[in-house]
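These notes open a run of structures that come right after.
There are two complexes below, and they share subunit A, which is joined by subunit B in the first and by subunit C in the second.
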Partner chain A sequence: MRTTIVIGAGLSGLMGALALAEAGLHPLLLAKGQGATHWTAGTIDVWGADARSPYAALRAISETRPHHPYALIGVPAVEEAIARFRALTEMARYPYVGGLECNVLLPTAAGALRPAALLPVTMAAGDVRLGGKVLIAGFRELRDFYPPFIAANLAAQGIAARGTYLTVPSAFRRREYTTVIFARMFDDPAFRSDIGRQLRAQRGDATRIGLPAVLGLRDPLEAVAHLQNESGAQVFEIPTLPPSVPGMRLFALFQNAIEQAGGRLQIGSDVIRGEGQSHRLTSIWSEAAARQQEHRIERVLLATGGIAGGGIRTDHAGIVRETALDLPVRTPANRAGWFAPRFLDPQGHAIYTAGVVTDARLRPLGADGKVVYENVAVAGATLAGADTVRERSRSGVAIATGWAAGRMLAGLMS
Partner chain B sequence: MTIIPEDHIELSLEQSLDRCIKCNICTAACPVSAVTDMFPGPKYVGPQAQRFRHERQPSPDEAVDYCSGCRVCNEVCPTGVRIAELNARARARLAAERGIPLRNRLISRSGLVGRLGAGPHAPLANALLGFKPLRTVIERTLGIAREAPLPSFSRYTFRSWFRRRRAARAINGKPKRQVVYFHGCSANYYEPWIGKTVVAVLEHNGFEVLLPRQRCCGLPLLSNGDFTAARRAHEDNVASLAPYALRNIPIVGASTSCTLTLKEEAPELLGMQSDTVRAVAHQTYDIFEFLRMLHERGELRTDFRPIERTLPYHPPCQLRAHRIGRPALDVLELVPGLRLIETHASCCGIAGTYGLKVEKYQISMDVGAPLFETIRRSGADVALCDSETCRWQISHGASVTARHPIEMLAEAYGLVT
Partner chain C sequence: MRTLTTDVLVIGGGATGAGALRDLALRGIRCALVEKGDLTHGTTGRYHGLLHSGGRYVVKDPQSAEECARENEILRKIMPHCIEETGGLFVVTPADDESYAERFVAACHRTGVWVEEIPVREALRREPLLNPRIRRAFAVRDGAADSFLATHANTDDARRYGARVLTYHRVIGLERVGDRMIGAVCEDLRSGETVRIHASFIINATGAWAGKIAAMAGLHIHVVPGKGTMIAMNHRIVNTVVNRCKMPADGDIIVPIHTVAVLGTTDIPVPDPDGYDMTPEEVQLILEEGEWLVPGVSRMRALRAWAGVRPLYREQDAGSDRDIPRTYKLLDHETRDGVAGMVSIVGGKWTTYRLMAEHTVDLVAQRLGVTTPCRTADLKIEPSHDGAATAPHSPARAHFAILASPFYQLGHRLAEVEADDSYGDLICECELVTRAHLEAAIQSDGTANLDDLRRDTRLGMGPCQGGFCTYRAAAIWHELRDGAAQANGASGVAPATALLRHFLQERWNGVTPTLWGDQLRQERLNELNYLETLAVDRLPETGADAIGRKRDIVVEEVV
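Here is the complex of A and B:
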């Protein structure tokens, strides 16, 4: 039976499960539900809090902030994880471009500009440095994506952009539309041909066309190429509100790679407690019909996320808990210390750096500084010491620490 | 829906609404809303419509009747909203307000239908139900789709076979460990060989198999909104099974939707929470869950012959709803040479009685299309699945033989039934 367990199906859990599967440990990944992949934009943000390149920021953090997850594992481990991630996406015919040398600025669905280190190639033509005129196109049926609004905000930042709406061909009309329904329609060449013709007719002098990130689930590269041929312009995707199609693509390619390497995923199983003795975790339990399911374990990678993902729970009384194994959490001493007085305080809010403190091998530490469980490693937003939303480092930290935690649990990295 | 003070479940469902963050992951995963406009998606008819349901006002929507009850929404929800239970209770409310059509009353009584059709006269019943003009008449009068896959009645029932046999109750003078087998309607009236295989596998592992009185688990009644009849069915089963459960004798079933109903669906949807109901739920195991537990304790026989085959395996929705992983894969991994490939299709579409209904037949085939395609592309002539209605649908949609994984295990043990 499977005794190597990963808890959590976000990017950190998936990277960790991949590392453990490739090490031949047949991991079982347990997750309460579909992971944070479906909530994210699908870019890999390593550092975007300031104008520094991700590289420069990583080097500075590793020297000046020893408790930051990047510093704990070190810059070479971050680079190794990024390299593995890129190779994975290339193998799956969904390559990521970019790197740690500089961030790319990409338009959001609000027309803001957002830095990303790595991005799926389907978003590459969104890079604002490319210049030229941009057409933003969408569908009235797809809520929360308003091309005129996006274009107006881009124009206000000096980018020549215009917004337009496209018509859903009559054969494809439905009563309800979601990002996923659009993605399935874009999988169909007949739908793409029609949309491509509309884009060509409306393109004017635009050389680049931004569309919502729904350009297919099966073969997005093919979909983008098809639309470019039909429209005569470069086509790029703009991330939408959830459910995120680029995130779903990532989940699917990870699932495939993990299973190919001998791992398995069990979605819909919430891990609620663990038990151990003499600094080793021996069993965990997941919620199930009528009885909890016991898993006797040799090693566990905890990647359940932070407050947003449900890995850390806070309550009105000021209690902050790690939800799966009840590991010690470092948090402000009392509830009054959670927030700075101003909502947009440049220093951020202390509660967002709450999390599990670990040693350099990502093993959880207690308040006394001793390792709680030697056979547990923690990754991603569950870790203390980083305000990943403010730093714009959430997916970078997830990928880097997930990979490192998996490699270290497998004994392949020290 | 009325909130009666002792119905903690209604309260917990209401509270689970607040956990919905409207991320739409459920809608993205829903196999039904993917193929039809009749069902807008779990988020809309579940947590959102629930805000508009009030005991003194009529049901706000009929779309909930197009929920197939597959529970994929519960599986993927990242925040733990109990969408499938909300929908099932809303459908029961709809049924209570508007009455239950004759068709649904009939197809939800699988025990009654089985008793009528199974027996020496089964060939006649099967010939009639295979007669296309008659099926057309049934479709027009009752609303049961003429193409829908109906199983063949058996010429004998599993229970009649079991009564006639004599099994050893002791090994070397020591009484065997006992296990109750909950066979469900399908093994009794349609596929007695599944029941015989289960008995053979359990006896091979040193158990004495007990067969207390039992009736339909009530799942088809639950999914057709007939909670009154479902409650009677569960009360009867609990009365019959509780004496064993209270003596810690495990109750094992190979129909994964029956075991889920005993464990959770009936108690939760019907708000039945007595100690005996809980005891039965707690002692109920899906067959491979039970065998996997034996293996974890070092008690499963592993005298397997190699089976050099690669086969597609579809874990049915109702098995996934147990939240116990893939026990059939865990156990069959032990058989040398046997390689099972999980399909990753969300649902076969049939959802018990859903795909039998004329207005839902095409939806069920469209839902199952990706699974049928995966199985056809695998090139295998056999697919494995733990649920009988799903097997019938897979055979119908993918034109392959669909077998229960327990049949592979029996083959590996060299047991002939």
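Here is the complex of A and C:
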């Protein structure tokens, strides 16, 4: 019977489960479905709301915003998590590059430039500092990637870019295409050879080629190297709308590492409630296929996400709840202030800062400031105190707090 | 400055203006229509889509009820492709005064509104989510109307008879010589050009804006814009129009239309048809009242809320908005104000738009000495193939012509997607908008932004509210239309970028009043898409936009 439970399969839950597994606690990760890995770009964004380096921002936040998740765990814990994450991806032969010293600016599928601290090496040649001419290449069949639009917007920002469409080789044609279908095709060397030849023919004087982030699920490094050889240019991936192939790679890599370390993942189990006494959680109930199951537990890492992940839920009357354990939630003072009038308001929308308040050990606190359960730690977007999408810190907060929560629950960090 | 000459100028591209244009054209009268936005941009595109049986007004406003009952039958006959025969129910809920039902039935008989009482059990069999505690149920001939499609059908048919339609033309002045109107001066919002239109007669069909237009001629009309708020739920919680059997009030009707069901509505007088807000209290009120019809409705998923402004005309003091008659009023400025060459048509319902147009054009024709009778009640409106009428020929057109219309119902769309196996071409999965639909709509004349595409194709109107298709549509727009603009020397980000941002904002205005639960969750995913993955907030601002449009057209409705 596994008594260490992680709830949630996003980055924070995965990172926490890894920490608990490596501590020898044989965690069971329960999740309602796939987590945010499958929806998002696959980079680790530590801070990007302004021009500061992630490191400078982390230090400033820990001094000036004591309730921010980064401040709760402290800069050294963030650095430790980043280091562990990098080591993990290197071991898995899907290394992430970059660091906290400065952000890399990467082209998006709208031709904007977004900052990231760590990025898979398959995206590294997208770094705008590299200069030279860029060819953006895609497929008409892929609905979520438009080279002419991307190139036009990059060009407007001073990057010499041109867009083109490639042809899906006849042997690979099918009725419907998605990012995942393209990724499987890119796993096939015959497909890559054909695409590589088209790229060589079309690249002109471009020295870098941006493609949608669909360059294989099995061995993307091999795919990128193959395309570079064939085309004679540096090749890089640009993240697409969901489903995210880089995110799926990341999930697979974590799953493998967690299982190797003695943990287990069970996707499709919705945790619906918990029960405890005298400040200890003793049981949780999960539901799958309309059957409930009780888990007697020693410790729980709650990483069910925020509003997008379903860990925090609101109703029409303005009530905001934490959905798995019904922990107390801090919400914006008034319902009328949930949303700013402008969708793209740089300050964001107040409702997205709602979440569970914790102490420095990430244990949930009640309105009275007392710990609700001593054997529960909260990580990722379930935490109150930050709109991580506006800060461009979502994945950074996820891995940092996930790691810290796991280590603290295991008694290895204080 | 361009100059244009016509016999009759219709101001307003809503249902009434479009109906008047068709009526004029069918009588062989030279005519043109100007609209400051896209067709149906005003109240017509913002109503719940009810084809009135008349039942709603039998007790309170019998004249309006009679008109609705007659026109209901005519519209079913002349444009069946715009109408879904859902049928309607009036139900007595536990909150309603039971004695009203008898008055209701008697008034239906008096006004010629068809009604039949059905057993409560039968009503519940038809509509399983209906409140099981209802006490009586009456079937009527309500229906659901596609007001976008119907308006386009009217203008397209008018064009076949030579009428001109000028969208994104804002009237900036009316020309009056002595006691006679002789034309209007417009601004073409796309080019900034001034267009002078000489006309022998002007029809002011601007609904809630009629007072503003009349004032340009020095005339006074007291229009009370009555704001009505509506909420679209994410599926058809009912398949029949369901009304509370009581005096019309707030939040007492549910209209199933296309893929959604619309809860309506409120009625709040507002001083200005161009400036009004929805309040959370209104949304709350509609949901709470909706609970009497469909218990649990407030916990279901709401997609979007919006408000339209009724063109209520006030002749003398009425107690409240709801006391102002819903029938229409034709104002002949010659007899009323001593100014010849202009009429204003105000009040009325979507259901009576054709009758209003007929009545208006009868008067205009008489003044012009035209004796050809009205034929709009008999002559069926052929489904239009439009954008096509004016769009450049493209491969998409051929494909497109298979469809009766780009504005067709979802069932037809699904059949077509299945027949062509074109799942891979779906740009908006929620509303089954294929790349071919979208490309034809982008290339059709008069389309100025993605919100126009929404009205034309239902792009972004489904459960995800533009989470994916906004990006796709903007990028496809760029490929089809930005090229010309950039060849003309435009620099800066792709012009379609501004359209993308504009549409995201338009969408946001509509969704915020109903954001909670699953829809808020969806919205956060949309934020992840547009901010985290695409970073559209980090793109530089667009400069002067180069499709020949001025910027204000794109940002007009941004709060």
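As a working rule, the second predicted complex is superposed on the first by the 405 of 414 C-alpha atoms of A that agree within 3 Å, B and C clash if a C-alpha of one lies under 4 Å from a C-alpha of the other, contacts with A are read in each partner's own complex, and residues count from 1 in each chain.
The rule is short, and it goes like this: a residue touches a chain if its C-beta (ideal position, glycine included) is under 8 Å from a C-beta of that chain, and two chains touch if they have at least 3 such contacts.
Just so we're clear, the structure is a prediction, and the values are computed from it rather than from any experiment.
**Student:** Is the arrangement of subunit B and subunit C around the shared subunit A a clash or a fit after superposition?
**Tutor:** Partners fit side by side after overlay.
**Student:** Decide which partner touches more residues of subunit A, taking subunit B and subunit C as the two options.
**Tutor:** After superposing on chain A, more of subunit A is contacted by C.
**Student:** Can A:G310 be said to touch subunit B (first), subunit C (second), both, or neither?
**Tutor:** Touch status of A:G310: both partners.
**Student:** Contact-wise, after the overlay, does A:R184 reach subunit B, subunit C, both or neither (first, second, both, neither)?
**Tutor:** Once the two structures are laid over each other on A, A:R184 reaches subunit B alone.
**Student:** Using the touch definition from the top, say if A:E176 reaches subunit B (first), subunit C (second), both or neither.
**Tutor:** Once the two structures are laid over each other on A, A:E176 reaches both partners.
**Student:** Give one of first, second, both or neither to describe whether A:I267 is in contact with subunit B, with subunit C, with both, or with none.
**Tutor:** In the superposition, A:I267 touches subunit B alone.
**Student:** Which partner does A:A109 reach: the first (subunit B), the second (subunit C), both, or neither?
**Tutor:** After superposition on chain A, A:A109 lies in contact with subunit C alone.
**Student:** Looking at A:S283 after the superposition, I want to know if it touches subunit B, subunit C, both of them or none. Which is it: first, second, both, neither?
**Tutor:** Neither subunit B nor subunit C is touched by A:S283.
**Student:** Counting only touches as set out at the top, which of subunit B and subunit C does A:L28 meet: first, second, both, neither?
**Tutor:** The first partner, subunit B, only.
**Student:** If you stack the two complexes on chain A, which partner ends up touching A:N229: first (subunit B), second (subunit C), both, or neither?
**Tutor:** neither
**Student:** A:W39 in the overlay: touching subunit B, subunit C, both, or neither? Say first, second, both or neither.
**Tutor:** It touches subunit B and subunit C both.
**Student:** Report, in whole Å, the shortest distance between any C-alpha atom of subunit B and any C-alpha atom of subunit C after the two complexes are superposed.
**Tutor:** Superposed on chain A, the two chains' closest C-alpha atoms are separated by 5 Å.
**Student:** Output the subunit A positions appearing in both contact lists, the one against subunit B and the one against subunit C.
**Tutor:** The overlap between the subunit B and subunit C interfaces on subunit A comprises residues 36, 39, 175-176, 242, 310.
**Student:** Taking the complex as given, what residues does subunit C use to touch subunit A?
**Tutor:** 280, 284, 287, 298-299, 302, 421, 423-424, 426-427, 468, 471-472, 474-476, 478-479, 482, 486, 491-494, 496-497, 500-501, 504-505, 507-508, 512, 515-517, 520-521, 524-525, 527-540, 558-559
**Student:** Which residues, counting only subunit B, touch subunit A once they are in their complex?
**Tutor:** Spelled out, the residues of subunit B in touch with subunit A are 23-25, 27-29, 33-34, 37, 40-41, 44, 74-80, 260, 263-264, 281-282, 284, 292, 295-296, 320-326, 329-330, 342, 344.
**Student:** Which subunit A residues qualify as touching subunit B in the complex?
**Tutor:** Result: residues 1-2, 28, 32-36, 38-39, 174-176, 178-181, 184, 242-243, 248, 255, 259, 264, 266-270, 286-291, 293, 296, 309-310 of subunit A touch subunit B.
**Student:** Taking the complex as given, what residues does subunit A use to touch subunit C?
**Tutor:** 36, 39-41, 45, 108-114, 141, 143-144, 146, 148-149, 152-153, 156-157, 175-177, 239-242, 244, 306-308, 310, 313-316, 318, 335-336, 338-339, 341-344, 346, 351-352, 389-390, 392, 394
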